[in-house]
């Protein structure tokens, strides 16, 4: 009897609530608008999910490991700027790879701060959030770089199989790949162990520091990918491209059902969270609902969902566990004495 | 009959003994302030003038109030309050918007009250329902900021001229009222945190929630109260700014949550609870104020502030973490 | 680093390529749908613009859906795509940067949906796909301010610039326009980003006054709120100087300051008017009429001399 | 009764020394463990047991000395290498991942693969095989977080056993187990011994050492004092070796005059935990509350104090009905509870001893909202001295003290609150012999001064020695009240396992 473990009630509930959200959006959209329930609407929702989706995907393993990364927005801005600004000197494709490289590099910096210098991830990435945003503006002198070859990245938002676009394919593909990694491979399972119980992971000989460093690099890479995709599809490298996307990304991951305390979560849940939020936004926009009203009910949904989760799940108030990163310094030190 | 031996595990240097580490960790903030001030006096002859020093404090007094609230939140293990901008906006908008209805003083109090209610929502959900503070304040931030925009629909709310308004915007004995407010509040709340049972409860709850509950500490109340306090202080922050510039907009407190957290962290307070002090947060606020002042005086581009602040946070916290590991504390 | 800046010149050039879309005959646009991608829902300047657009739409009997970019061009680009997929009859776009909207504009072109830009121009390539631009000439505002400053200071003096958000298109235009026409004798002591925020301008100005003191001969504030912030800092400092303070926007506080003699001038940029004009232009395009590539909002300089003739824009 | 298997040397630790800044934790310790033996290690807290085991597990590196495993000398090793060498550790605190399944936990760190993926089929098969070997009936697909404590311990053991270890260290394995679970554990240990595994067994419970151990090594002050066959040693001798002198009586029982009822509980109930609990404790009396783990004894204690309030029934203190829905109300009713899990519920490790001490009653040393610092310090210092706090430094963070001293502070903070009723849940668990005596003395003094004591302990011998009466719980119901005269291990156990009254 094979079980894709953790497939217990918790996950069922999580998936169920996303379906409820999507169904509600579909019903309400179909009822209020006659052009809502179309394939193009779906295509538009999925397409718009791609960029914030990559950020949210990068955040997922981070949260599973019990860490947090606030710097993803800033990393995305840096990557987006590099992708366009370097085009004239390096060519379009190499510049895009440099964009990804910038993301990875920033992830390495976070990893160093957390793993080597033992700064808790909340504080470390707050600092790199400030530094990254500042660097992007300083390097660019506050001016977005416009691509000299604006048609190069346009294919990313082209129609593909009626409901997809190349960039939404990339996002969905990445989410599926991450799902297989997290649920199906030893390293994925070990990551849950790191986030759920660090002492147990250490005593099982799992290289906890390695995993934590790894997820930060991965998150940097994902933020870089988000930046590259954003930059190419809009032919603009804006130094503030990612600054507004941190909060939506966190919201999507949390609504998806990944726990902030570590040990639980899934990239499919994140995919669902991003799409559900995107659908809600699209529905609101089609109805001309002002952004602040959207903010009001996004906040309500967030609080309501998490309260329901808390009451139904009865996670016995693990507030003391808060973010596990508090324990990183202590635990990893113990495990890694040389 | 003393049969028990002391623990052989590498204990930390007992509190009260002086080690290089403990001295450094106590003096790090004053040292940083002095270093920045020395730098400032080299950079600009006008740095060490009374007016500039007052300006430095004045600039960060209002947001400093939110940082003081955040210290309570951090000490009791509540991580951070991300709804600060929303409560600042609420306080500011109500304080100006209600002036014509109830008069300036009552309006200001009403603004603070409304912001405290925002804090109460956070407090109930975090303290009593026990939901993760980051998620709660993220959600309530959305909610309250959205409501505040709904309230004014995007316009600017102007202040009616009033004696109270000009008093708040003005000086008292040569020092801006905002600065007085910040230091008086800081002093009172320093005493509250370090000398009263409520303060003690915050440390206990942040240090070990279960043990505090088992020691008859009102754990839920304590955590809720920390968030109510932060809401209240955010409201005061909004009121101060609104009255001093004579207008208010919903974006009035944008980014203040990060400023507040930065000040708390710079002060060496752990966001995970059990450790911290208001005086150190005040130090953190002063450091942030000095950085932004120096950036202008040196003539660096404005965005450099983030680079400097972020780097200093990393440095301070990494050194602090290193010292703690060396002395074995934590 | 080669960054192309989108000057109004770009828009002017594309005036030749006036787009004509929609059925040629239909004179009435009643019952048609317009998607208005605006910069924000809740903003002291944008909101009245939106109200102007809504009023014009109501008058013309078109159905207006307002979506807000929340000042993020990425969001706007996505919204543009989404509006095109909905097959609306016309799009009014508030561009927040040069290139981001290009993909959506191409799709709109393919779908035969006319697009009009409001308030800000987009990049050269983008403007080729846009039927008309309705808004103030922000680059021009910078140029006018430079000229004003030059005249007021007799072509020589030290000034500070209070700029908007770094990276923001309006900031870039107003700064670049100013620097392009600034007389050589005018020396910029410092440029500070105060994010169009009075409080931030106040704080920054205190520091600038501390640093430069009576060196400051002039202040170019890229909007009136920041000018007000500077004036407040100046008053606090008790410094006995009277620099030339220029603002932009025609806000109430600027009118007060000009009347009080603290501020030299502001440039009117009436938001409601802008929104109304933009929708009127768009409906003309939709009805098959030919419109100018640029429908300018006149840059009226308000000084002590002519202040009686105008009302604050907002 | 050593089994007749290969008795080669499994582990040889020679002249191991280890110092920490300011402390010499181990000083030339020698330890030889044979294959197929249960080798007990006893010693007071601080004798060096934990340090020695952490060296064996690769967490610490000895300053001097050598280690040989199965005849091979071992150099510097990290925890992973130690594990690969066949050294398995089972700690007092379980090292499991609550969010992963039983099967995943058992193979954690070494999951079977098929290509790059986890081979879930053999993962489950491995887990089932190991659990069967241990005679444990646990579904391998369950999340570990959903298991009971003793099931979790079995999973922990299965995790270690699945790696075919040659040496397994048990560190206080029974401290959170009831008698029944302890029996199961001992059976498992015996099986492991039979299969030739060398077992190191660390415990404060000397009775257990007598029962399960083959040989015993006594550590004191970082040195090994003696290694003896268990067959040739008595618990008293062990204690003497551990503390360096005789401890006249381990559980001194004072005969006190018993007064009026102080605490009377009638028909107390709480859904799914316990029902219809009626008991009373009189002044000067020490009453035991016995029962297996999960019988509801801890829950009853918590309910009386208000931590998890009762849903029905009545509590009276000195005849007056009181309503207790929170610990604060419990405290004002004159009740104090020393909780079961000291680390989790007893201490705030970062706060100094002084602040831990005054936590429940900080309001009482306050004037105009301000804490009277001088009075606080003086009161606490005086009390700490009375409790033999060692070292007597009340400004040191609580977390830096040994378990026994932490427990003294927990006890002391409640005595300082001057309660009428003192409820103690496992007050001497994980506490060494010396501190245990101190704690018993303190409890005795409290009763002597007219206080009422309700005490829970898994160590029956402790209850029998200390208590005037013993109430026995079974599956959430009160099944027996046994007076001191007729209380024996048998009578209490029979009741606790549900063999008396229908």
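Just so it is clear, A, B, C and D label the chains in written order, and each chain counts residues from 1 on its own.
Following the convention adopted for this analysis, a residue touches a chain if its C-beta (ideal position, glycine included) is under 8 Å from a C-beta of that chain, and two chains touch if they have at least 3 such contacts.
The structure displayed is predicted, hence computed values, not measured ones.
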Both-way neighbours, i.e. chains that touch chain D and touch chain C: A, B
Selected interface, A-B versus B-C, where C-beta contact pairs are more numerous: A-B
Chain whose Cα centroid lies at the greatest distance from that of chain D: C
Between chain C and chain B, distance of the C-alpha-averaged centres to the nearest whole Å: 36
Distance from the mean Cα position of chain B to that of chain A, given in whole angstrom: 29
Chain centre separation (chain B, chain D; CA means) in Å: 42
Approximate Å spacing (C-alpha centroids) for the pair chain A, chain C: 34
Residues of chain A touching at least two other chains: 137, 142, 290, 292
Where chain D touches two or more other chains at once, by residue number: none
Where chain B touches two or more other chains at once, by residue number: 149, 208, 210, 301, 303, 330
Listing of all chain pairs that touch each other, if any do: A-B, A-C, A-D, B-C, B-D
Chain C residues touching chain B - in the complex, by the definition given at the top: 40-44, 46-48, 50, 166, 190-194, 197-199, 202-204, 206-208, 210-211, 213, 225, 228-229, 232, 237, 252-253, 314
Parts of chain A lying in touch with chain B, wherever the complex brings them together: 68, 113, 117-120, 122-124, 126-135, 137-138, 141-142, 247, 250-251, 254, 260-261, 290, 292-296, 298-300, 302-303, 306-307, 310-311, 317, 319-320, 322-323, 326, 329-330, 333
For the chain D and chain A complex, residues of the former touching the latter: 59-61, 78-80, 83-84, 89, 91, 93-101, 103-105, 108-111, 113, 116-118, 120-121, 124, 141, 143, 159
Chain C partner contacts - residues on chain B that touch it in the complex: 44, 46-47, 49, 51-52, 55, 58-59, 149, 152-156, 158, 241, 244-245, 247, 249-252, 292-293, 296-297, 299, 301-303
In the complex, chain D residues that touch chain B: 20-25, 44-46, 48, 50-51, 221-222, 243, 307, 326-328, 330-331, 337, 339, 341, 344-352, 355, 358-360, 362-363, 366, 369-371, 373, 388, 390-391, 393, 395-397, 400-402, 404-405, 413, 432-435, 437-438
